[in-house]
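Take a look at the structure set out below.
Letters A, B, C, D, E and F mark the chains as written, and numbering starts fresh at 1 in each.
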Amino acid sequence: MWDKVYTNFGYWDVYSWLAFFLIAGGMIFFIRSMGRKDYKKGSDQDEIFFGSNPVPEDGEDLKVPASSAYWGYTQALKPFYDGLVGLHTGIATDYVGWYILVTALVALLILV
Amino acid sequence: MKARIFFLISILLVGGLLWTGLQAVHPFGIPGETPMDDYFIANAQGEAAANNVVTSIVFDYRGFDTLGEGAVLFTAVISVAALFRKRGHN
Amino acid sequence: MIGNFPYLVVGILFVMGFIGLVFERNLMKIAIAMSVVEAATNLFIITLGYRSGGSIPVWTMAGGGSSRMVLPTPQALTLTAIVIGLATTALMLSFVMMIYRHYGSLDVRDVRRLRG
Amino acid sequence: MIEILHLTILITILVAGFFALWFRNLLSSIISLAVLSLFISLEFFYMQAPDVAIAEAGIGAGLSTAIYIIALRACGKKQFRKEGER
Amino acid sequence: MNPLSVVARTVCNLFAWFLAVFGIYVIIHGHLTPGGGFQGGAVVATFMAFLLVAHGGKKMQSWVKKDIFTLMECGGLTLFITAGLLGMSNTFFFNFLAKAGGLFGSVVPMGPNPGALNTSGTIALMNLSVGLEVVGGLSMILLYMFSGAHPEESFGREEAGHDR
Amino acid sequence: MNWQDHLPALLLAVPLFGAFLAPLTTLGGKGLRNAWFIFVSSVFTLIAFLLWVRVGATGPAIYVMGGQGWNLALPSGLSIPVRILMEVDAFSAFMVLLSAVAALAGAIFSVNYMERFSGVEKFVALYFLMVTGMFGMEITGDFFNFFVFLEISSVASFGLVAFWRDRGEALEAAFKYMLVSTLGAMMVLVAVAFLYSRYNVVNMAALGKVIEWGMVEKTALVLFLTALAMKCGAVPMHMWMPDAYAEAPAGVTCALIAVSQASLYGLFRVCFTIYGSFMGSPMIPWVIIVLGVLSMFIGVSMAVIQKEVGRLIAYHSVSQVGYMLLGFGVGLLALGDARAMADYGFTALKGGVFHIVNYTMYKGLLFLAAGALYYATGSRNLNEMGGLARQLPKTMVLFMIAAAAIAGLPPFNGFVSKLLIYESSFAVHPILAVFAMVTSVLTLASFVKIFQTAFLGPELKKFKDVREVPGSMLAGMTVLACAILVLSLFPTWSLNHLVEPAAKALVDQASYIGAVFAAAATGGGL
């Protein structure tokens, strides 16, 4: 039950990972406990530091919308994604068409 | 538009696939060895006591398929009823 | 004289159904094409079970001996397939009716809010 | 003679299937489908399968035509984005 | 749909009853002649379709409630699965009534014979239950689709959010 | 006769009975209906567990429907079974067990989730029918019966996907799903008819015994392969999958995943058990591998750019199915070759089987968590969400577990199966492993995106009065989370007791076929 999982090339041992996380967590707590203890809620220390810009009042202004995430990635792969999204037309008959296309391809590969 | 030409070609290819398959099954009207069907024909009266061989297969030898078929019909009815259900009825 | 003509009919029905499924634009016509494919499947299974000169597999009406009956299993399978086909047709047409109510159109190019 | 009948039935199946997909008028299409079902039922009867023939005649030619027509009534006239485009 | 004219209604009534009787015959004689629960049930459901077309949906719904069909359907299927479960002393779906003497339990002679109604064991029972189920189910489909074709009668307005 | 011999029949009879009586529970009101829902779900889960235990102890279980005894498969003097057989080997029992757990979790979740819908008794009936179809596909030993159960599960899932019929998108998704799925089922039927015409047999074991490699068999294999691969969502036939998964009610999606796994089961039953070592060419394994790699890569690429929670997770389903196809394809490639099998093939199979259970558990949990988010906030759009960690802390923790598992972060189970697949596919061709790892990275990236935009960030004003979701939804999610934790913390145990018997049964064609004929030999004639 406590063995490793061998894969013929290496092994997987969840318990060493758990031990690693325990040790790492202990170290984090240790380092954290060495910090200053004079934090007070409601004082100047509570203020948000916003890169010396004026801090927005509302959370909405601070939020990054999901469609902006990985902007650079999608921009870099724009041709790829244009083709891929263009493939997903959403037309019901195209779904059938793709199915028949794959059937024909597999038939060609297996029968010929 | 280009995709639809591919679709047309692939439909013809699938037709060809089915046609090659159909060429390879037994010729029309001359099935080869049929042990299972001969068993049904010979034993439907003795085992299931039914004159109609098809009914004896549908309800006795393959009765479970028929239950499944009834379940499909039931499913379709319930689905249609769920689609056209009255609002607020819980 | 007949040869394998029934098989050819089955194959042509399949291809016609596929063409209808892929190239028709009206949802109702797509449902009809699906019915054609179902009919082709049923015809195919029954065609496999025919034995030339065979009699009906019902002893009440049979004339000859047991080996002269047509094969009964495909008939039982087709019976199941027909009822299943009716169930799917009814459900598909209900979907078409409801889609028309929501989208106000039966054109398959209008019914594509989900894409990408 | 009986083979000519058989051939006629099979060819009618093909023709009915073709017209079921060809007609632009949906009602004609549905009637064609009913004819297809009816002739498939005849073909089943020819192939000594009366069980299936009764089922196909009752379900394919009777009930599913009724369901199709009910569904057709539920959908109004304006079904296409552009008139005249298949 | 509106009801048809008087002549059409009368003709439909007449033929509908023939259809119903024929359907019930097909169901009961399922193990002797071509036919059975599905075929007979479909024929009886065509009788329902005849009445529906001839008299319109409103009148039909004043004659029979959908609950009756639900009961027929669920009852038929439950009877079917119970008939299967009763054979559980051997296996699920064992034909425990065949050749046992009592109900549907006569022995059939081998070879071509005219046939007797009291044969075939659970097959006859299952024919009846499937007939019941198919009649109920197909009539339900017809009635629901018919009522769905006239949304203003049964639906009311659309709502946003979850649907209650 | 032992009552445990009847377990395969009971497994199907209980949910069917539950479905047939469900419309009548309206008479007893809401409480009775919910009690019936949970009770029947628990019962079939229990039966599935008992069946799994029994199959593990005594080998493949045979059940003959309608025979005079449960094991009298062959009639006297005939070498083929004529009645419908249920044949449960270790792989089937494994699939049944995990489908039952997923279905139970979905059922518990749905009790509160479906409160906002009308006509819930119909929902209950459809849910049980879908479960029946899924179980039937997994334990049947008969091809036509397989088709019938495929249709039951498909038709029920069409109804369930469209259950919220006031939303046009749900109907559209159901229609698209129905169109391809019905066509696929028809093609399965045509393939069954082809095999029947050649051998006059529809029993799986008997077919596996007599099958040769001819034209008819090739045609049937092509039809089976594409239809079942379409049903489990391989690219480029995956387009119905994000639609249907995202639009179905969340509890249903949890079970729908298990349904698509049942199709995957059918695919591998056909490839391994029916065709098996008779498989003439290495072309079929390569087709499966290529489909798998395409699914992995394209699925995850589409997932990264999605804006809706449900669609994003559904595109991940496509990519995860690709992992399984890759693992099984590598295993199939090594099937005829004993040395390759010992070297990497069996590892790949173990990885694939382990990935099935992992995937069903964490993907079910993810969809349930997405449903909980939707239930709480009323929005599916990630652009509108933010800062929900304060209002939904429990949901967040459960979501985090599932997201970490699917992304393959180390202590969780997702990594184990992925590791097995990486290392074995690396032995076939390094590029496969590269694709798998890129997929894993992109998976992590997209889940970071969901987590960051939905749960983290500043609190939004419009979500001020959002409450934690009700108890039954949390309970349903907790079931799956516990399963994930068990699989993660005891990988050796789960590999040895859960995965390895299933993988062995999949490879062992002779014992599947032999079980039918051996049972007949001991039992005698009909």
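By definition in this document, a residue touches a chain if its C-beta (ideal position, glycine included) is under 8 Å from a C-beta of that chain, and two chains touch if they have at least 3 such contacts.
Bear in mind that the values here come from a model prediction, so they are computed numbers and not experimental data.
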{"item": "Central chain (distance from its CA mean to the mean of all protein CA atoms)", "value": "F"}
{"item": "Between the pairs E-F and B-E, the one where more C-beta pairs touch", "value": "B-E"}
{"item": "Cα-centroid distance, chain C relative to chain E, in whole angstrom", "value": "22"}
{"item": "Euclidean distance of C-alpha centroids - chain B vs chain C, Å", "value": "9"}
{"item": "Intercentroid distance (Cα basis), chain D paired with chain C, Å", "value": "10"}
{"item": "Sequence positions of chain A contacting 2 or more other chains", "value": "85, 88, 90, 92-94, 96-97, 100-101, 103, 107, 111"}
{"item": "Where chain B touches two or more other chains, by residue", "value": "4, 7, 11, 14, 17-18, 20, 23, 25-26, 31, 34, 36-37, 40, 45, 47, 51-52, 54-55, 58, 60, 62-69, 71-76, 79-81, 83-84, 86-88, 90"}
{"item": "Chain F, residues touching no fewer than two other chains", "value": "16, 20, 23, 65-66, 118, 144, 148, 151, 155, 158-159, 162, 165, 175-176, 179, 183, 190, 197, 215, 218-219, 222"}
{"item": "Inter-chain touch pairs (all)", "value": "A-B, A-C, A-F, B-C, B-D, B-E, B-F, C-D, C-E, C-F, D-E, E-F"}
{"item": "Interface residues, chain D side, partner chain B - complex", "value": "49, 51"}
{"item": "Partner chain C, residues of chain B touching it in the complex", "value": "4, 7-8, 11-12, 14-15, 18-19, 22-23, 25-31, 34, 36-38, 40-42, 44-45, 51-54, 57-58, 62, 65-66, 68-69, 72-73, 75-76, 79-80, 83-84"}
{"item": "For the chain B and chain F complex, residues of the former touching the latter", "value": "17-18, 20-21, 23-26, 31-37, 39-40, 43, 47, 60-65, 67-69, 71-72, 74-76, 78-79, 81-83, 85-90"}
{"item": "Residues of chain E that touch chain D when the two form their complex", "value": "1, 26, 34-36, 38-39, 42-43, 45-46, 49, 52-53, 138, 141-142, 145-146, 148-150"}
{"item": "Residue ranges of chain A touching chain F (in the complex, touch as defined)", "value": "1-5, 7-10, 12, 14, 17-18, 21, 58-60, 62-67, 69-70, 73-74, 80-81, 84-85, 87-88, 90, 92-96, 98-99, 101-103, 106-107, 109-111"}
